[in-house]
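Provided herewith is a single structure, encoded as structure tokens, for subsequent inquiry.
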């Protein structure tokens, strides 16, 4: 099942419009090339709708935001919805400022997402924002796996998006089915933007497999985690997080559909 | 001949003002340092003329554009023209939006370029824009080598710039003489911004060799392609596009004038 | 002494708000992760005060400036002062334009810095700006070590910041005590943003050791130089500046407090 997700990317070579932050844009473009897709980065409101229209899918990354960039996220998202292109949201640091909180709420309100990838805190912020918006009170500070599962499912049912909550254990859910993924390595936390890279990879997986968003998301999460494990296995004694960063993208580049099928470690949960 | 181009960079250490996109700015700065030059990146209209004035050459990269950045490209270009500094244009994705098409046409209209580096589609867009501007009809959708040669020569004659069309075969022409370059490796397409990097390298080559723009451009294209071959030759089984990206810049760093002379593969064509 | 500085970072894991340029933001985030801290990059005036408030320290990098970014630098700096968070200034290319000169003067006037890291030319510009502002005439074009020492001490006494002047020999001073650091390798000049990376590292060192800013700065400078030496020691024949860039960050990642204590090379000077 997962092998087919990767095979489809390699065959269809989806072109992904990424509105990205400037910290991780190079890595996100390279991981898209590594998996078999490619990227156009364009983040000005005056051109994003046209750029979205010439691409196959869209990834909206909220990092290093500005009012103009947020306007661009919204315009691109609406155009992708109009055209039926899959849209992935990465609400980077959505709880860090009022500007980001408002942007997260507006995006959830006005754009339909195929997938949302975030850590537990970001998901809690989105849920709180959404909940507040609907007059519901939420009080979910703790980040236990159970709480994250509840939040992720709730956000998925509310938005219609597959929700991917990354952390020590990664969770993938469409609100009904829920997977826990055990791939990955703790050292991935020492690479800036490993979450952004996963969101970019998700964009390619879902765009190339639009009928199977849950399986596509599961494949992306397993692939990224497996790449982190493979990369860790080749570290030399003097290597650190900078070489590790390169090895992770290298591993995606060399990942065969068969290797993903064999290496993916996940279980269905509830 | 080509060896002298590189030797001049190493001797003159040209300082290049790059107005670059945020996806590839780090790689472009590092390839300029690798070849023996150096970079200042500054992209705000309020300071670009001053920054251009303190540099030796200018590279205008149209990626991740915004109205302010496009204003900066124009201001810097005009100032470089006024001072007699060589200017290189990289019209990244110029066909991707109305904003970029208009910007490309304006830049060609108001700035004199020493060199323009682009892929076939970008060159076709520039030609069409230029042609339309002059009431000429063009219909050149196909990207056959012959069509690209025709377009590149025409653009060179119209603008006075050396035109470098990159693709499976790279073409370098000043409108009269035309070279086909056979260096390079298909894997270079899997590295984001390999075109941007070549444009930065072109900036250094032409700035250090202002009397010989055609030879300087030919040297840059051969050097970049040769670096791609050398980098490919050292790939380990687990290496992918991220390590390859580093190896290409490494190869420029270690490229001797003699190695370029020996490894350059090109032929004069018509 | 120096070992304790690093040990404190590893223990406290300071979160650093970096307002950075887009050329080196990825490397700066990764070196902060390498040393044991972490980074949030946010550069819009509408959110920087809030982001600063949730972090432990602040690094203001003046590269790729714009009016909005300069407004963000000022807002964040003032908020960090209000909260008592350490602030590091990296006045990238402050002499390159009127906009940057004015910004440098404004920042020195309105923000209290714990540390300022710059090369000789940038320090001379800051001193001249400050001096002019106070009606003092300075004429210090030469960059001899003695002149740099005088400028660095003067700037430190004027601002209350520890001043780090990087060059062939690095200088660290609080205006009274002055250290000359002999770690480092000439090849570090071939890596774009090695100065920005040092400023980010400084942010972590000083934030985790707020009572000892001089020692924290000395540790950061020795650590960065030692990393450059360790990275140089592992270069393979085909490696160049791109691999070197990764190896430097790797070396910070693997640097133990004991290795820093043993490898640091500095002397007290006057």
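We call the chains A, B and C, going by the order they appear; numbering starts again at 1 in every chain.
Assume a contact is a pair of C-beta atoms (placed from the backbone, for glycine too) under 8 Å apart; a residue touches a chain by one contact, two chains touch by 3 or more.
Nothing here was measured: the structure is a model prediction, and the numbers come from that model.
Asker: Based on which chains touch which, give the shortest step count from chain B to chain C.
Answerer: Contact-graph shortest path, chain B to chain C, evaluates to 1.
Asker: For the sequence-identical pair chain A and chain C, determine the rotation angle of the Cα superposition and round it to the nearest 5 degrees.
Answerer: Angle of the fitting rotation, chain A to chain C: 120 degrees.
Asker: Using mean C-alpha positions as chain centres, tell me how far chain A is from chain B in Å, no decimals.
Answerer: 33
Asker: For chain B, which residues are shared contacts with two or more other chains?
Answerer: Touching at least two other chains: 22, 26, 245-246.
Asker: Help me check something: in the complex, which residues belonging to chain B touch chain A?
Answerer: Residues of chain B touching chain A: 21-24, 26-27, 63-67, 93, 96-100, 189-193, 238-243, 245-246.
Asker: Which residues of chain A touch chain B once you look at their complex with the stated criterion?
Answerer: Answer in residue numbers: 20, 22, 25-26, 29-30, 33-34, 39-44, 46-47, 50-51, 54, 68, 230, 234, 245-254.
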